[in-house]
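Chain lettering (A, B, C, D and E) follows the sequence in which the chains are written, and residue indices restart at 1 in each chain.
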Amino acid sequence: MPGNKKKVSNKFGLPPGTLIHIGEKKVEKPKITVIDYNESVFQEKEVESVEECLPYKDKPTTTWINIDGLHQVETIEKIGNYFNLHPLLLEDILNTNQRPKMEEYENYLFIVFKMLYLSEQGEGIIYEQISLILSENCVISFQEREGDVFNIIRERLRAGKGRTRKMGADYLTYSLIDATVDAYFTVLEKIGERIEETEDAVVRNPTMEIVHKIHNLKRELIYLRKSIWPLRDVINLLERSETPLVKESTELYFRDVYDHTFRAVDTLETYRDMVAGMLEIYISSVSNKMNEIMKVLTIIATIFIPLTFIAGVYGMNFKFMPEIQWHWGYFASLFLMAVVGITMIFYFKKKKWL
Amino acid sequence: MPGNKKKVSNKFGLPPGTLIHIGEKKVEKPKITVIDYNESVFQEKEVESVEECLPYKDKPTTTWINIDGLHQVETIEKIGNYFNLHPLLLEDILNTNQRPKMEEYENYLFIVFKMLYLSEQGEGIIYEQISLILSENCVISFQEREGDVFNIIRERLRAGKGRTRKMGADYLTYSLIDATVDAYFTVLEKIGERIEETEDAVVRNPTMEIVHKIHNLKRELIYLRKSIWPLRDVINLLERSETPLVKESTELYFRDVYDHTFRAVDTLETYRDMVAGMLEIYISSVSNKMNEIMKVLTIIATIFIPLTFIAGVYGMNFKFMPEIQWHWGYFASLFLMAVVGITMIFYFKKKKWL
Amino acid sequence: MPGNKKKVSNKFGLPPGTLIHIGEKKVEKPKITVIDYNESVFQEKEVESVEECLPYKDKPTTTWINIDGLHQVETIEKIGNYFNLHPLLLEDILNTNQRPKMEEYENYLFIVFKMLYLSEQGEGIIYEQISLILSENCVISFQEREGDVFNIIRERLRAGKGRTRKMGADYLTYSLIDATVDAYFTVLEKIGERIEETEDAVVRNPTMEIVHKIHNLKRELIYLRKSIWPLRDVINLLERSETPLVKESTELYFRDVYDHTFRAVDTLETYRDMVAGMLEIYISSVSNKMNEIMKVLTIIATIFIPLTFIAGVYGMNFKFMPEIQWHWGYFASLFLMAVVGITMIFYFKKKKWL
Amino acid sequence: MPGNKKKVSNKFGLPPGTLIHIGEKKVEKPKITVIDYNESVFQEKEVESVEECLPYKDKPTTTWINIDGLHQVETIEKIGNYFNLHPLLLEDILNTNQRPKMEEYENYLFIVFKMLYLSEQGEGIIYEQISLILSENCVISFQEREGDVFNIIRERLRAGKGRTRKMGADYLTYSLIDATVDAYFTVLEKIGERIEETEDAVVRNPTMEIVHKIHNLKRELIYLRKSIWPLRDVINLLERSETPLVKESTELYFRDVYDHTFRAVDTLETYRDMVAGMLEIYISSVSNKMNEIMKVLTIIATIFIPLTFIAGVYGMNFKFMPEIQWHWGYFASLFLMAVVGITMIFYFKKKKWL
Amino acid sequence: MPGNKKKVSNKFGLPPGTLIHIGEKKVEKPKITVIDYNESVFQEKEVESVEECLPYKDKPTTTWINIDGLHQVETIEKIGNYFNLHPLLLEDILNTNQRPKMEEYENYLFIVFKMLYLSEQGEGIIYEQISLILSENCVISFQEREGDVFNIIRERLRAGKGRTRKMGADYLTYSLIDATVDAYFTVLEKIGERIEETEDAVVRNPTMEIVHKIHNLKRELIYLRKSIWPLRDVINLLERSETPLVKESTELYFRDVYDHTFRAVDTLETYRDMVAGMLEIYISSVSNKMNEIMKVLTIIATIFIPLTFIAGVYGMNFKFMPEIQWHWGYFASLFLMAVVGITMIFYFKKKKWL
């Protein structure tokens, strides 16, 4: 389960603002890429050290600095120094257990959210924490590992078509969030498929394994909810905030991505209701099976127990048992048994147990 | 289940505002009809291309342009261009997974909601997304397929009686929403009937099939809620918005349709409570049956097991068994069995198990 | 179940404001009664046609026009014309599926709520929709059938004692609502008694019939809630509204009836909690009984099965069975059986199963 | 159950403001006591008639008039007349089914709440309705019976120590409410003890009696909640109201008692959660016991049924049965039985059923 | 369970502001330590009496007075007198059943919250009530016992590095709260581990002990929630309050610790959902086991009961039984039994019971 394994307690006792990476080390060496563009210019390069990013800082063009990998604390610290970021903010970037949130600082906005995508085997869901810093001409993004969800944005910037190149850092921020939210739907669809599969299986073959699948789906949905739900408020805050960093023309786009997040949350809730109902079906299904088995046992037992008793009676060794001597005694006893058995069957038929 | 099959993920990675149809292709060729009217004039025609609609745009009469079928993206795009609609809005029209919503743009309002009606066989519920654009003299409506719910409005316009012809585009918008909400009640009544049928069946004959019916009802109600609930807020927004596009005289009508939606939601909630209780009855009913079966088994078994034991004892082959030799031994043993059996029956009667 | 049978769908497709009666025809012919009074004057008569009410319209005295029976649409329509009522309002009066609500129009207030009372057999609850129109000197009330809850108000007016005759139309409105809310408590007490009866029965004798009673109580409470809950908001609105139609001196009385409604809602919630717990007791009670039965079966079976086995062994016909030949073999085997049986009983005693 | 037995319906049909006592008659004769005090003066006496209270009305000292017993309507009516109280207020005092509430009138505040204390046997909880009227120099309190919770306040006043004597009527009101809320905790602690007892019993010995105890605890908590929860809002209203009757210096004290009420509510909620979980444990515990019993039955039955079958086979009377003639046949059959039995036991061990 | 054992009722009847310690006596003698510092100066000493603290009161340096142990009421009283604290506040400090809360007084803020940490054996959770008084240059903290969570702050102050020494009393308050909230995560992680252990055990080996563990986890979570949840509001109030005691520069830090508390609450909610699901799995798991056992019983019984019956028939002692005389009768009967047995097994296979 994501986030559970990361020990926050390692940090216990350190003064606030102490930078320590909480999370798994997911890449070997942090990779820093800079993309600098405006409508006519486009430059993309991978830099070795943070210092190389500095020249872009004061350029009028829009600059996107992306850092993959958070475990090298010094890199993050340097960026903090060069770009004048608050130490508490840096601490938040490094702690990958954040709730999605948005914070306004004097010259920049700080946005944290979760990127979700399916693992390459297509089974598990990968949770990655993304931190964005939006300042006037610059977006700095921090990822836990080399991402693929943002690649589309890179492609779009390289291609130079569409609106992205023409608009500023706020639109870039929007694009990154939009790409992330779009990726949520891919994850949700996968979950949707798994729910349908499980739903079929519950009815066909209710085993303990199904209970586990249902339980895992529930957990998965709890985690998804925790990741997606607060993003709605973050985007709403972005749309409504009066910061000059988000231009009015971009607000419409944030409204749109807000809508998408709402839809994702809606879908999640629907899934939740559906999964909640599944355990009830499981229990009904199992208790139904039990019932059927019990019925068979009851019928077999109640038919044969009296018959066996009759046989037992005529198996007694008493010296004087008149029926024993009768010529047709044996057949009479068989006939008696048949009568008892058939009566019982009719009784069960009447009771609708057969 | 509606909406589940439409892959949003096909859109993944495309820049915002890219028009792509998400949903099933439900008609062969989009059909565009124009109705132009005021109190004295009425004109209705089916046009071949979007261009033919343009002359109506600047007329002082009220124009209703209706497009059936969304899969021909170019048609939608052309309308967007001619009527100056925002690309994000066009994207929303084409994506049939929208939550009902209302958005104010500078010169027009954009309203999305779900039209629900029973399929012709009268069993399934058909969900269709309706997008409305309300500008000053013009309403543009987008449907997924040729609708029948709006036909009544057309009839009313043709007949020229009543208020509809006298009032403007906002009243037409109201009429379309009102017709849709009225249709919700037809769907709800059908669901209500199915709930009552199922409720009877739960008691009469609790089978796994009933559990499925209950589960399907639950799902259906989840989807209905998702479609109807947000419409309430949409209409409330319309009623309270300060847009000049909705005249004050029409607000009263929106208040009325708001009330209807509220009632629909209310009915839904009642249905939900009723369906929630049904599974409990099912379980009680099954466990009751189980109980009854168990009782029969217990009684038969507990009566005959000791009797069979007695018979077994006198079936032993020991050389020296005094009772065996007695003349009345057999009858004495039968009498003993009868006593044991009757005692047991009395015991059960006392315990109220019989 | 109330309200369920009234087909709203009959109205489908009709233009808004079309008057059609939705509900059952409960009286033969609508009955119109006029009561006209002030502190010194009192006049009461039954009129044949709506026209006869008109003279009272502009009198300074307070006039109460009461219409019993809604199915004669023309009557309602005429009243609408004479008193200048909005068509949507008339539509609401005729549709007996309304949620309790209050609407302010320019010269009058429109109030809808549910009157509840026990049927004459004292078993069922009768739901009746009451619509009130409060204009300056006049209250028009619409009932589905001849009412008995309002008779007390009539008596009080005739008697001429107390505050009612001295105060105006707003106080009359208050009196009518107050009488209705007082009647709720009679209904609630009946329900309370039924809950206590059922609670006793659940413990004494848990049968499927009890499950049905519980289910019916739940449904009844759902409907009661739907009728009573929104009235609270209606009265609150009346109390706080700034309409000149409700004088400040009367507001205190509305606050009081608001309190009563609150208490009714409170009682309903308590009932709900109590009924919710009852099914759990039922299930515990049934499973407890099952348990007891199972215990008896187990004990009888586990004691006698080994004994029967021993008897079976000595009933085998082998040529060479030494025990068979022993003189005390039979008694030894009986003793062995007794030892086994008693050991088992002690084991069960130790396990606290006996 | 408190409040359930008091028939509100007796009042049905009476005009508002009619005084009728709803509740049980709990004392023989209403007892009126007057305490008049300021920092230096203290006078306490029991008066025979309401008239004797009047002289205290206009004195500058603080006067506390306490009435024990509500069934003598004339007494209440007289007080209403002398102190100029609204008839609806008097009606509320007499109806002991009130929800805790606070109402502002022109010259006084009206506060209703529930006093709770344990009965002398220490088992049941006694609910008593307290009405307070706070006017400038005077507090009038109405109790259903002679109280003991307020005695502490009387003692404190007599002793003349502490703040109470120095401060005015608003502080007295606070003291009365504070004493009442303190008494809630005594009741809550008793309930807490009962919950712990029941919790232990659920595990040790799950019987139907426990289910009843749990159910009664639930009901008790529902009633407690109904009594305590609204008091929080009442006190909050008192603290925040801008009435000159509550001095600013006293507001701090109301904030404190508000806190206490909040804590009482908090404790109640915790109890609720704990009781809610108890039924689940009960059911688990019962089903566990059932399971254990079933296991024993299964094991005994499945071991002996095949053995008995073998014995049955060799008990058949066929003329030609070779094994019967064998010398070691009997021992071979016993050996066979032992093998079958031991195999079964091993199978069950492997399955972890033993 | 924390807080449950402390009898609030001991206090019943005492006037408000009476100081009495409600809670367990956890240290022998209260220990008072004073830390006085600014950026350049640092002094730390343990004082014997409250009087020794007084000189620090008016110094411009920041003073932190820490009292460990609450049962010596006079100490608390003296501090109240010297520092001019409201008696109700002192009462709150001594009553260790407080809900976390913040109260503004004229010259100081009063903050109460719960410190949580694991007991030394690492199993139980220790709840301790912390009361903070923040005045201009001074923080007074009250603990129930000698704390270890605050030691880190002491170390940091001694070391003199970082921000703490440079900033004032409000930052110290923040540091203390932050250290407490950080300690919550250690506790939450322990709970998280226990949840995972229990979750594994539920599946592997569902016993009643597990039900207890689940129940205890639930209770623990209820208490944790009660302690942590209100702290969120407290910190939010601190951040937003307009008191001059909290400088604007410190508000950012409070926002950060608010975030942490939010995350703790979030984690708690996730745990709650997870624990809620566990009992369902337990029940499924037990009912599954039951089912399996029932299946074995049914199969063994239903196979052998008819066979035993056949054996019983040929064990009857009738004189004339033709089959008995047949040479192959015995083998024929064995063959018949085999046929019946195998048919049954096939039937069960078909039914998927084997």
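One rule holds for everything that comes next: a contact is a pair of C-beta atoms (placed from the backbone, for glycine too) under 8 Å apart; a residue touches a chain by one contact, two chains touch by 3 or more.
Values in this document were obtained by computation on a predicted structure and should not be read as measured data.
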Could you run down the chains that neighbour chain D and chain E together? none
When every step has to jump to a touching chain, what is the lowest number of steps that links chain B to chain E? 2
Angle (degrees, nearest 5) of the CA superposition of chain A onto chain D: 145
Chain centres from averaged Cα atoms put chain B and chain D apart, in whole Å, by 42
Between chain C and chain D, what is the separation of their C-alpha centroids in Å? 26
For chain B, residues contacting two or more additional chains: 283, 287, 290, 294, 297, 301, 305, 308, 312, 315-317, 321
Based on the touch definition given at the start, go ahead and assign the chain network to line, ring, star, complete or other. ring
Order around the closed ring of chains, commencing at chain C, then chain D: C, D, E, A, B
In their shared complex, chain A is touched by residues of chain E numbered 152, 156, 162-164, 174-175, 178-179, 182-183, 185-186, 189, 192, 196, 203, 252-253, 255-256, 259, 262-263, 266, 270, 273-274, 277, 280-281, 283-285, 287-288, 290-291, 294-295, 297-298, 301-302, 305-306, 308-309, 312-313, 315-321, 353
Chain E partner contacts - residues on chain A that touch it in the complex: 4, 7-9, 11-13, 15-17, 86, 88, 92, 97-99, 101, 103, 207-208, 211-212, 215, 218-219, 222-223, 226, 279, 282-283, 286-287, 289-290, 293-294, 296-297, 300-301, 304-305, 307-308, 311-312, 314-317, 321, 323-330, 333-334, 337
